[in-house]
Each structure stands twice: as C-alpha cells, then as structure tokens.
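You will see two complexes here that share chain A, one where it goes with chain B and one where it goes with chain C.
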Partner chain A sequence: MPSLESEIEGIIETFTNNLKQRKFKGSRDLALNSVQLWKKIIGQMKWQNARELMDKIKEIGKDFQETSPSETVIGNMTRRMLKIVRDEYAMLQKGKQEDSDLQESLQKILTADEVDVDYSKNIPLLKPAIMEHIGEFLTELESSEIDISAQALEHIHANEIIMTIGYSKTVFAFLKTAAKDRAFQVIVAECAPFYHGHKLAADLAEAQISTTLIPDSAIFAMMARVNKVIIGTHSVMANGGLKAVCGTHTLALAAKHYSVPFVVCAPMFKLCPEYVCSLDQDGFNQFASPEEVLSNDEGMLVSRVNVYNPIFDYVPPELVTLFISNTGGNAPSYIYRLLSELYHSLDVQL
Partner chain B sequence: MSKAVKSGTAKPGSEVVKQEDVIVAILIADSFSIRFAPVTDLKPKALLPLVNRPMIDYALESLLLSGVQKTFVYCVAHADQIRLYLRESKWMRSASPMSIEVISQSSDDCRSLGDSLRDIDGKSLIRGDFILMSADVISNVQLIPILEEHREKRKTDKGIVMTHIFKKSFLGHRSRSAEEELVLAINPTNGRILNYQQSKNLKKLSFPLEMFKEHGLVDLRYDLVDTHISICSPVVLPLFSDNFDYQTWGDFVRGILINEEILNNTIYCHQLEGSYAARVSNISMYDAVSKDIIQRWTFPLVPDLNRSEETPRHTLSRHNVYKQPGVTLGKESVLEVDVVVGENSEIGEQTYVTQSVIGKRCKIGNNVRISNAYIWDDVIIEDECCIEVALIADGVCLKKGVQLGHGCVLGPGVKLAPGTKIPANTRLMASPPKSENEFEISDEEEENLPAPVSADSIGYVYHRPIEEDSDVESLVDELWGLEIEDDTESEEDDEDEADNDEDEDHEEDLEVGDLPEDMNARSFYNEVLESLQRGYEEKIKGDNLVLEINSSKYAYNVTMKEVNMLVIKAMLSLPSVMTKKGGSGTNDDWAALRPILQHFLPVLRNYLKNNQSMLDSLEALEEYGVNNPKFAKITCKVLHYLYGEDVLHEEAILEWHANPPNDPSAMTTIRKIVEPFITWLEEAEEESSDESD
Partner chain C sequence: METGKKVQSEGSEKTKQEIMAERKAKKAEKAAKKSQPIKTTEHGAVTILSESIQTNTVKADETGKSKADLKAERRQKQEAQRAAKAASVTEGKQSVAPKVQQGKRIPDQIQADRPSVEKRLVKRYVSQKVPQLPPAERKVQLFSHLQQQERTLELLTKDLAVNQSKIHPAVIKLGLQYASGIICGSNARAVALLEAFKRVISDYSTPEQKELSRDLEVSLKPCINFLKQCRPISVSMGNVIRFLKRHITNIPSESTDVQAKKCLHEEIEKYIHENVELAGKTICEEASKKISSGDVILTYGYSSLLLQILLKAFNEDNKKFRVIVLDSSPRSEGLQFLRRLVAFKIPSVYMLISGASYVMPEVNKVFLGAHALLANGNVMSRVGSSQVALVAKAHNVPVLVCCETHKFCDRVQTDSFVFNELGNPDDLVAAVKGKPSVHSIANWRELPKLSLLNLTYDVMPGDLVTAVITELGSVPCTSVPVVLRVKHAETVQLTSP
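So, the complex of A and B:
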C-alpha cells in the first residue's frame, strides 16, 4: 500500500520542516509534538514484529536527529519509544516480571550479559499495548511542568532572593506557583545577546513578583546577596552536566564561589544519555548567526573581525546542587540511575 | 499620496483574496550574464557549488523556510541540467511541503529578466501576489511578514505593484557589489521608493525638484544593497508584457517611476533588520557570500545544518572549520580558520589551508599553500602548489609546483603542467577559445591556433566578449582578490584627470634618464621588457600580453601615462636587448625592429586609443631617441610605419611636433630627423583639405 507509506512520509516531512522553521516553542512543545508524531507513525506503519518496528524507529529517529543535531530532546524521545516497545514486549512475553527489573541490584546489572532479547515473535497484542503506553507517556509529558512547579514551596521560602538567567518556561511556572503563597525577590540576568531575560523579567513583574533585571556582567557582584539560583536547562547530559543557555557556566561558578545552592528545573524528558567530551565543545555547541553580536551592516568590520555567537554552555555536574524533575529532586550523581530507568542501554547509540 | 487618476491595470482586490492561501514564488534560475564564464559554459550558474552545495538549494531552502508553498523555477541556460537536478533532489518529492514546477525556455527566446517575466505572464500561471527571487540569492529572510506588509499597504495605496527588499550595508562592506552601487530616494514615512539611480562610476546624480516639493521628507540612501528579492503584485507581469523595453529590474523601477503620474503605480522598499540576504552576482560576491556562509551570517543556512540524502552534514569545529565525513588530513597539515572540506577529500602533509572551501573527493598534496581559494569537486593539486585567491572548478589538475596569481579562475577540466605560473586575474578554460566573438582579430592571427598557457598543459586563456559600456564592470570582477580593490577602482575612474595633473610632477623624473627613477616604474619596465621578449620569442598572442602588462600595472601601481611610455620604450629597446649589443646606427636596426613592431601591433593598438596616449608614446619615442643617438636615425621610419599602420594618428603627430620638446637637445636631433616626415604629412593634409574645398 504505497498510499499509507507516502502518508507517513508526508507526516515526517512536515515535522522535519517545522523543525527547520523552528516552529516549536520550547523543548516541551517539541517533546510533545515528536511523541504525537511517533504515535501516528507507530499506529499507521505496517510492521510484523517488535524487531522490525524498532529498526524502523531507529532509522527515522536517526534522520530526525540529523536534521536538528542540537535538539537532544528528539533523540531522547526516540530512545523513549524504543524503551516502551521493549518494555511492552517483555511484559507480554513474561507477564509481570518487568517490575522486578527496576529493582535490579548493581551486581546484577554488572554481571548481566548484553545479549539482546529475541524480538522477532509476532504478538498481536503488542500494538494496542504500545499505543496505550505512549498515551500514558503523553500525559506525563503534559503534566511535567505542573509536577515540577508543585514542588516550588519546598524550595522557595519567604523573603528569599532567587537568581535566574534567560527565559525558561519551567522556571517561570515554578516561580509563579511559589509566589501564590510566599513573597520573595527575583534577580534576572538578561542573557545577552538574545536578551531572553528581558521577557522573563517582564512576565514576572506582570505576575506581581518583585523583579530586578541585571546585565550578565553583574552576576558575580549580585551573587553575594542571593539565597538560591534556580535555572532551566536545554538538556541534562549523562554525567549530570548541563547543556544550558550561554552564560549559565558563569552563573554556576559565581554560585559555587558564594556557596549558593544551584538548582536546576529539568523535566525527565530532558535527560540525555550522551556524554560531552571536553575536546568536542564546539560540536556539542551550536553557533547562531553573529548578527546579534555585531550587526552585519558594519562595513569594514565584518570582513576583518571573526564573530562567534554560541548558544550553549556546558556546566559540569560538580557545580549543580540539585535537579528538580517531575518525579522529585535528585542529585547530579543520581542521573545515571534515572537514565538506566528511562532508556535501554542498547538504544544509547541510535 | 499623489492624486493622479486611478488606472484600470490595478487588479481588483477580490481576485487576490482567493489566492491568498497559497504563497507562490518565482525563482529565476539564470542571471543573464557571463560574470562566471568560462565556468558557466557547461554548467548553469544555479548549480555551481557554493560552500559545497548547489546555489539553487540555498534559494529553495530559504523559500521553504519562509513558508512558501509553490515555487516556479524558471530556467533558461542549461535548463535540462537544472530540471534533472531538481527531479533527483528532495525538492521534487511528493511529500515535500513546497511544490516545485520547472519552466524552461530556450536562451534565444529569453535573454533577460524582462523576457522571462513576459513569458510567465503569457503562461498565466500566477494570479495572486508572488515572491520574485533570483536563484543565486542566499537569504535567511522571513518573507511572509513582508508579504503581509505588502498586502497591508495595498489597503492604503491601491497602486502598489512591488515591495523590493534592501539590506543595509555601509561602504566598504564585502557584500556590497561594486557593480550594483545604487542611490535610492525613499519617503521615510511609508517606505515608498521615489527615485532609483545606479550610481556606479557616476560623479553626479540629479533628482527632480518635484520629488522634494511633493514629499517634503525624502531619505537619500547610499547604504542600501539590492537583495534581488521582491514581493510583487500580480500586475507586475502584465506591466512587463506591456513594456517591451523593460529588460531588468532597474528598467522596471525607472519605468514605473516615470509613469507614476499616469498609472499611479508605486513601489515600496523594505529594509531588512537583522537578517541576511545577498546575491552572488559576480566572482567577488561569490567570495563574499561564501565567507558570510562560513562565518554563519546566513544561519540557519550553514554547512553544519544543511544536509540532504547525498551530502552528509558537515561537522563544525573551532575557528569555523567544517569537515564532512571521510576527510583525511596529513601530518602537520593545518586548517587554520574558515575552512570547509568536503567528503572524502585528502589533504597532504604540511599543507596549510586558510579561508578556503575544498570540495568533495579532492586530492591535495604535501606542502601546498591554499588561501582564499574555492576549490570544487574532484580537483587534484600536487605537491608544493601555491594558490591564493582563486576559483578552481571541477576536475582541475594542478601538477607539482604550479603557482596561481591572485584572482585566477580555472574552468572545469583545466590541467596545468609542473611549475606553470599563471599571472594574476587570468581565466583559463580547457578548450581553445572560439574566436568568432572577437572582432579585432586580423586574418593572419586567426590562422595561428591559440596556444595553451604552457607546454603539456590543457588550459587556454579565456577572453570575455567585449560588451559596450562594460569596461568598469569587467574591471571590477577581474580585480577580485586584490587587497587594494577600492583604491585601484577610483584610480581608474579618475584616470584622465589624474594623468593631466600628474604630468608636471612625473615629467622631471622621467626626463632624467632612459629609465624612470621611480622604483615601481623601473620594476614595471623590467617586467614589461621581459614579457615582451618572451612574447616575441614564443609568439604569444597580443591579448595575452596586454593581460600580462595590465596585471604588472596593478602590481606596481603605475599610471596609465607611464604604461604607455614604458611599453613603447621597451619595444624599441627589444632588438638591442635580444642581440645583447647596441644598435649599429644603420638600416639593420630598422630591419630588426620592424618585425617586432609588427608582432606587437595589437598591443600598441590596445594602449594607444586616444590622442593623449599617442602623445605619451611620441614623447617616449623622442626621449628614447635622445638617449640612444644611434636609434635616432630610424625614428622617422618608426614614425612612418606606425602612422601607416594607423597606430598613431596624424593629428597626434602634428600636435606633438607643434609642442616644444621637453629636452632642448631633441630640437636639433630628433626633430630634425623627422622634419621630412612632418612636412610630408602637412602637405598631404593640405592636399586633402584642398580637395575637399
């Protein structure tokens, strides 16, 4: 049935196109959209068994990742889909045994052989089970922001001074929830050259939170009076390090210097099973147009000066005090464990 | 707004509304110029690689990113290749969110932008507003908001026919194309274009007073660059059809502005804020745009985000070095800054590459230096070559130790033998040039087939067919890569005045000896002498020599007057240089000189075009005669010969004779010798004037 195939191709093409046009607002939007896309693809695609399905998911997922290599969320969602297929398959094969899998001891993990399970059996119940699981996952994604901000009162206390940088929807929701019951102050670093901090400051002020906007250069000077740094992140790497907006490393170092707790709000879908090698900082980063830094009009300057405009910073895990995810607070050293629950070790390399 | 009568040509709004949901673009995949020749002889410009990706891909990608839903690609030259490329590419797949239709037309029927738009109008494909763009435009502009703006403006101004997009870039910006300097008069309150003038090599511009009277507030802008993207109302096409003299966009704008009172049509300007757009109109712009892409001004159209099925992504590393998979780097090779290396290319040991693009499957040897060069696919460069500021097309092979001068362009398939040195600003192609385009070739020259640049090489010098009024334009892109680009240009423009002013200053220097004291001029003289000697011995064609002399001229920065004088002196001294002895003072001298002059007639004709240059050469002749008394005897013969060959005109000779010589001693020697010739000339003139009476 070529029409079905071309229909799927059409959905995929629209998605990659939207991705290129940057139509998704924030990573949660992207995660939701890609899971919905996967739901459509898995639902409409023809496959005989789990092996075939997983191969196809890998193939398409690779393509998505290539289209937008810096969006780790896409890769995460692909891995998540593979994990769901694996779980459901194992569940249907062995009944309820899967639950015990989560309580595997360290020794068991170490000694377990890496041989992949035989996924070639045709199980008719697999498809509805997978669809149901994806549905559950979608609701988890949708509520992730609310789940995180529900923990706000545990972290923000009365009359505290909170510092943040740039614009993160999660952080905004987090602060807004806390402001319902507590009075506190927020200092926002403007995050040049994109100045997303301006928008956050405006939004916070509108939500009746006392807000101060500072330039990035004043971060260190202001840190002495700050009680807590709360930021969002683009993604959390496998070692607990952050891939966050440019300027975050400065903020983290200043916080470390004054021993200010450095709290990161990161929903589970931002956890990425990849590591950053210090040599590959440029590959990991993304460079945008230098336009924001130096206007292209500037005649002679443009041809004589090299301008770089990196989007991300890598923050090493030792600078992070706590991650707040939709399932609760976690230390950076615990990320590896969360990852092993979220993704299957064989799917790390797509 | 002016209160002129409304015309029927403006389309009623209702029809436009129907089309509003589909956003249509016309992509003109031909630039109707030969700026890139000889590279474009076999391949359309739209498919030339720009940072390892065909140019048309950038244009289509930017339309797609803007949200355009239907694109008509209009191709003329090599239309079949473009059609084939698009059919194979991802653009034509059914799932693509932008549908593409290719329209092709033979180049006989379509020679300009105007012709192509008339053709499109004839096919009546378009009924709504559309985006008109050239396929060699690279931009990351979001076009939809501008289209909305265009539609919004129509609510207040029914006569709006076009919103043209300009980008601000100050003087000295690399993406300012010297060919397209323009001055724009804009009404700053609504962005309406009131006057449009191309300012290249103009010293004065005039504006109608009514413009200021009518609008009160007028912005005169020199800092805008044409992006060649416009949002057009459907009425643009019939306007082109109605006016057959509209060939280019400039014609159209001027026509609209002149007929403004009658037709009430208006053109608006949109100035880009924070986004990039530029057109690869010539080779210097190719250089500038490539650099902009590498330095990521065109984000997201950058090598590490562009990918298709055939070409994998480039990976980006420090200092804007992009590499595709499969690149091999030799020991101690350096990719310094702003370098792109294509798939499966090999770079040898201790090779140094900076600010360059290297295509796919290239093989580059050891100890090669490449800077500011654009090397396309499948190029082989052997050890110890040196390439600075050059464009090297597909499949070129440079053997060991080849050196390319600044601004060389090597067409596809050129092969250069070991040790070949190519002078600056040379364009080479793999097959001998067809001579039919050139009208200056005499019969005997046509028989000699043009020789390759060196033995065992496949490479012939390409000559641009001579166009009217194209002197300055061709100059501009031939000067690609020279650091002093701007200075030399202005010098060229001011040449005539400068010559007159400098006469007094330079004369003293020149008089002192046979050779000018000025170091630059002396080096230039030596170089010219060498070129001429080689040219005579190897029977090199005159045009190639002119090219060589011109490049020396730029290298040593000598004035046109000095060139004229020194070329003559070098020619005259050639016999004595070649035989290593002075003249004998007999008729043998003339016997030796005559074939030399005959060989160099094309060179002389090239330089001695006007009265002033002839006077310069006569002055040189005189000086040479004063300093070489033995030569003086044959001066008369030389004069006669040059007069006979129509190199020197009668008026110039008489004028020279009428003016007192710079060196008083010439009065007794040279002037005396030429006396019979002058009297003969004068008599001949009297006779002819008698006859006419």
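So, the complex of A and C:
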C-alpha cells in the first residue's frame, strides 16, 4: 500500500512539474494528459466510497489549480471527473434510466435548495463503471478536433472570405477539412506581439488555401469584405463570453460593426463554469514580458515608460454568433445548459 | 476655357491641345535635325482653330498628300466637338460650384486593373522620361485596382541621365526621401513639396516664344509624375499641386519672369504660413482647452499636430495628464511619438494596438490625427485608427480628430478599399526579423497561395468620431463639405479677374 501511494504521488509530481515548466503544447494536450492522469489516480488509489473519492479528487485538483491558475482546462477536467463520479453513483444507487437523471438535474436547477445526496455507500460496481466512463470521455476528447472539423462544410461555402486571428489548431483543422471540397480565401491577422498568425498563414498556404496575412491594425479596414470570422479561443466562460488571445475583442467589435457572423470553434473541454468580469482584468488576465512590445534595446524609453503586454482579452457573449463544439453548434445563450450537463453546481468551487 | 480644363484635372489629364502641342514640339525637333524651317507657334494667344490647322498641315507635309482628305474630315469633327465643349464649359463656369460637377474623372491611381489606362500611363511616363517601378509579382486580388509595384528603390534613379533636364534635382531628392520614408506624414510631405517647388520655380526660365503661365505647368508635370512613382501622392500634396497650378495660370501674361517668380514664392510662403503654421497654433489652442488635468489621453501612431497639442498643453498650460500611446507593426510610428513625449517628460504608457480593449476603460479621451477628411464625413487616417475609434466608442470614450483644413478633400469613400496605398509587403517580415520564437515567413514568395498585405490608410466612419478640431473651430464630421464650399468660394473670389 505505501508503494501505491508513493507511485501515485510520483505521477502527480511529474504532472505538476510539467505544468510548471509549461511542457504541454496547447489545451488539448493538457486536457488529454490530465484525464489520463486522473484515470491512473482513480484506478490505483484506494477508496472506500464515492464521498472519499470525491474529497481526494478535490484536494488534488485544488493543488493543480494553484500550480497553474490561468489554465482553466485543468479545473474543467477535475470538475468533469467529479461529475462522472456523481453520475455513476446516482445511476447505480437508484438503478434508474438515463432520462430520469436528466429530469432530476432539471429539477435541481429549478429548486433552490439542493438535496444533498449521501455518497458514503460502498458500491462495488462503482469503480469499473467510473473507469469505463472515463475511457469513453478520453475517446471523446481525442476525437474532439475531428468532430469539429466534420462540421466545416456546413459553415464554409464557396468563394467566401474568412478572417481569423492568431494560431488555433482547431481552426486550422476546420479550414483544412473545408478546403478539400470548397475553394475560399482566408485573411489571417498576425496577432502581435507573438505573431502566431504567421505560422497559420504559412500552414494554410502549404495546404493550398489562398491566404492573406495582415497586420492587426488592418482588421477593421479588411472587415468590409469578410463574410465570416472563425476563431479559436482559450476558454469559454459560464456566460458564453470568451477568454481569448489579445486582439479578439477588437475583431469581435469590427465584426459586429459590419454584421459579420462571429463563429468560435471550441471543444467541450474548454467550457469553464466560472465567470469573468472585464473590469477586473487583473483577476483573469495574464501578462507576458514587456520586452516583446518594447525591446530592451530602447534603454532610454524602457526606464521611463510603463509597458503592458496582456495575453488575454475578454469578449462579451453579445458579440459571439455561434459556438461550434464537438457536439454541434450552439448559441452563446445556451452555454448555461451545457454547463449543467458537464459539471455539477456544487463542484464549481473546488 | 483652357484654364478651366487645367484646373479641373488633377495634374494627370492632358487636353487635346496639349497632346497636339507636344506632338508638334517633337516634330519641330525632328525637323530641326533635318535643318528644315520650323513653324513654332505661341500657345497662349493662338486660337484653337489655327493650332489645329497648323498641326494638320505639318502632318500632311510629312506623311504625304494622300491622307489630307482624312485629316480634313477629322479636323471638321474636332472643331464641331470643341465648339460643343466650349458652349458647355462657358455654361458651367457661370455657377459658383466647383468644376467637379462637370463630369468628374475617375483618377488613374485606382484603375490599375484597366489595361487601357495602364498603357496610357506608361506611354506618358516614357514620353516624359520618368523612371518606372516594375509591377509586383504577387498582387493581392482584393486590391487589383490599385498600383502594386516591387519597391526596389534603386530602379527609380538607375536610368536617370545625369544631365536630364525634365526632373529637377531637388525633386529627385524629394522623391527618394518620400520613397524611403524619411519624409513621412501629411504635413511634412506637403511642406517639403512646396519647398522643392520653390527651388524648381526659382531655377526655371521661360523659353523663347512661350509664356510662363503655360509652360511652367508643363515643366512641372514630369516632376509630379516622378514623385507619384516614388510614392503615391497624399491628399495634402494633391491640394498643394492644385493650389500651385491655380496661381501659375493666374499670373498675368505681361509680368516678367522675376515678378512672376516673386509672386509665386510669396504665395507659397503664405500657404505654408497660413495653412500649416497658423492653423497648427489655432488647433493647439482649441484642443488644449479640451484637455484637463488628471486626464488619461490615448493616441495612436504618429501625428505632428498631436505632438504640438500635447506639448503645448503640458508645457505652456501646465496640465497634468498621462498619455497612452498605441502602436502597431510594421511601421512602429508610435515609438517615434513616444520618444518625443518622453524627451519632454510627459508620463506615458506604451502598448500595441491589440491591447486597446485592455486599456480603454481607464481612458478619458482619444486624440487621433488624420491624413485627410473626406467630403462624406469619413476620416482617412493611418491604418488602425478606425479600430481604435471603434473600441473607444464601445467603451463610450470621446474621439477627437485634429486636422487642418488644407487636408480636406472633396473625394468620397465608404470603405478602405476604394482608394488606398499598398506599402512594401516585406515590411511584415522585417518587423519580426529578430524574434526566434516567430515562425519565419521570409520565404513567402515561394508559397504561391500566400500574399502579404501592408495597408497604409483606412477610412473611419464619421459616426465613430465625436468632433473634428480644425482651425475654424470644433466641427462635427458632417461639416466637411460646408468647409470645402466656403474655402472654394474664397478661392474663386481671390482668383477671379
């Protein structure tokens, strides 16, 4: 037993170190790795009943959250695990069918006071059920990009001009799939100061899609000719707002001005049950080195000027037209409902 | 009538008489080589009829009598057309409204996709011996109506003979300064142009049998076309050229060269003094009133006028405010603006344009400069300004545009595509040169599907702007045509005989 515990601690520590050193390339990578980690932990850890398991998950999840507070995907996966445990317990406990479960959750939304289910019963079938469910979840995660790309032809038509910003793997896969059957043009905003747009433009051009690379300042000027804006995002907040790369708010405002549909491609693991207030940028925003903006070569200026380099932008839900996720298209006003299916309200505060 | 036609054009149109005149001049040169007697004619006092007869007879002499009948028919047709035009123009001249109403010509700069227009331009440049830049290999399809050229600046002066007399050396220097971006900015370009023209005028001498008021304009044409090749002319420069042409044609024919030059010099200095210097001072007074202590002011890019305003408010009026300077690649003009602010110890913040939404909640006012104000109330400014105005509007922050009236133009534009300038696409690559983390697209020409776009200007819709501060006061964007009308009425009064 001690060796099992230390083994679990070992893999948790490796994961935490990788988190700190930012070894994960993108949200999907992080999501897959964290779910695989949870699978190992839940599989190997000793727990008697659901209550004990959930407390342990919360404890470990809180540590992860504190290691990397801006990576919302970790918190999402933790909450997902908790929801899986609760669902499996409830199903085995009451032995009811799935649709009555849905009815129960709807009742829970409508009624103010929560009926606290007692999770302390020891059900021997719980562990294999949970492991199976996590396995299904993992397959869903792995195929999330393909599921989103499969919807590309519904949204992109011939001879359209599409605008995007920065580099998003989801959007790249989306556009590549559509380009197999339809001819269209893409305008990529380079997204200073990290200039990820350059990579996307090069990749799209190699995939034989007509691409034009523009600096960020030309977004409003070019919007007059754009038919659709398709972007990826870092996370989707509980009200349908976006936490996306800096410059996305300007893009959304320009799209609104010209009444251009603003489409966000985001797999379900990016959906976060937290809210963000745009006035409290210090709470949700992160800052990168000001050297990217004003290089240290300008010594005379750097010492006398404040330079900011925010990474994220908050985009309010009124500016978003459509969310495309692996389960289909949704309006921003529907996000609250999706949240209740993914996460339990008691788990929002880890 | 000839005056009217010349004023109407934007410096690139040739009337039938001028084409004929030039052809005549060429043939005269040829004839001189063959040592035949030349029939030179005066441009000014001669009636159109006699001119046409002369040209046609010279042609007939050289090309053979068999074409004389065709020539006579053509001459009759031309005379009839000219008579009709004369009637319509004299009618048009009676109205106070500008010549614009007589069938406005679409400028050549936005017809780069029409081969007939291109051919005509090329012929003109060749005849005036103006060097041309080659067209771009990879054109952006959305802007196929605009000139897109490979910006290898050496080609501008490579084929210019050392002793060619068409383009004045001051103009060559100016053109290269424009092309390399040394002189940048609406005001700077207009003033530099006027200074160069002063040199051209003082070095000019009227040839025998010609009038200064006609010939000076003709000799300025190759200079202007050369400057156009170096860099498309700005609205302020266009207004300067029109102003100069108007004054040149209004020089009385009895005045001597010295008198005429003195008069032109005075007019040029008056233009600079009134429209740039005094106007700048008035705008500073007005705008400084709008700034209060404790304000946070946002600016974008570089504007010489804005710099004057902020310095005046900070130093003379002793207002304590902070400035946030937004900037964008590839030009990084905001950096130049920042340098000057820091030199005068104004507390500043520097960010990229993508951070506009981050910083806008704490901004009190947005001040923007303008390249030109269009007649439909839109503001043409450096690319990115309209974005800043849009974000400001979303956060309910007032946007004030500062612009002198010499930058007002009677063009109308609804978006940034119709009329724009495309800069060097390689600048986008150069801006990220030192950064190892950025995927390099230095080989973008090898990817046939990739094009880079470097826009220079964009058009801000008038409803995003709270007020425009001019030397005539703070006006809403919709007052631009009123100001234009008032200005034109003044110039018509001044120049009418």
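In the analysis below, the second predicted complex is superposed on the first by the 335 of 350 C-alpha atoms of A that agree within 3 Å, B and C clash if a C-alpha of one lies under 4 Å from a C-alpha of the other, contacts with A are read in each partner's own complex, and residues count from 1 in each chain.
Going forward, a residue touches a chain if its C-beta (ideal position, glycine included) is under 8 Å from a C-beta of that chain, and two chains touch if they have at least 3 such contacts.
Predicted model, so just to flag it, every value in this text is computed and none were measured.
Asks: Could you classify chain B and chain C on chain A, in the superposed arrangement, as clash or fit?
Replies: Chain B and chain C fit side by side in the superposed model.
Asks: Considering only touches as defined above, state whether A:291 meets chain B (first), chain C (second), both or neither.
Replies: First partner only.
Asks: According to the stated criteria, A:300 is in contact with first (chain B), second (chain C), both, or neither; which is it?
Replies: It touches chain B and chain C both.
Asks: Could you say whether A:191 touches chain B, chain C, both of them, or neither, answering first, second, both or neither?
Replies: In the superposed model, A:191 contacts chain C only, not chain B.
Asks: After superposition on the shared chain, which partner residues are touched by A:224: those of chain B (first), chain C (second), both, or neither?
Replies: So A:224 only meets chain C here.
Asks: Could you look at A:21 and tell me whether it touches chain B, chain C, both or neither (first, second, both, neither)?
Replies: first
Asks: Once the shared chain is lined up, is A:213 touching chain B (first), chain C (second), both, or neither of them?
Replies: After superposition on chain A, A:213 lies in contact with chain C alone.
Asks: Could you look at A:12 and tell me whether it touches chain B, chain C, both or neither (first, second, both, neither)?
Replies: Once the two structures are laid over each other on A, A:12 reaches chain B alone.
Asks: More residues of chain A are touched by which chain, chain B or chain C?
Replies: Touching more of chain A: C.
Asks: Go through the superposed model and pick first if A:67 touches only chain B, second if only chain C, both, or neither.
Replies: first
Asks: With the two structures placed on a shared chain A, what shortest C-alpha distance in Å links chain B and chain C?
Replies: 8 Å.
Asks: Can you list the residues of chain A that meet both chain B and chain C?
Replies: In the superposed arrangement, which is not itself an observed complex, chain A uses residues 292, 295, 298, 300, 306-307, 309 for both chain B and chain C.
Asks: Enumerate the contact residues on chain A facing chain B in the complex.
Replies: 6, 9-10, 12-14, 17, 20-22, 66-69, 282-283, 287-292, 295-300, 302-303, 306-307, 309
Asks: Which bits of chain C are touching chain A when the two form their complex?
Replies: Interface residues on the chain C side: 140, 142, 328-330, 335, 338-339, 342, 348-359, 361, 382-384, 386-387, 390-391, 394, 415-417, 420, 428, 432, 434-435, 437-441, 444, 447-455, 458-459.
Asks: Using the touch rule from the top, collect the residues of chain B that touch chain A in their complex.
Replies: Going through chain B, the ones touching chain A are 64-65, 67, 93-97, 140, 167-174, 176, 223, 274-276, 288, 291-292, 295-300, 302, 304-305, 307, 313, 315-320, 337-338.
Asks: Given the complex with chain C, which residues does chain A contribute to the contact?
Replies: These residues of chain A touch chain C: 190-195, 198-199, 201-202, 204-206, 208-222, 224-225, 246-247, 249-250, 253-254, 257, 278-279, 281, 285, 292-295, 298, 300-301, 304-310, 313-314.
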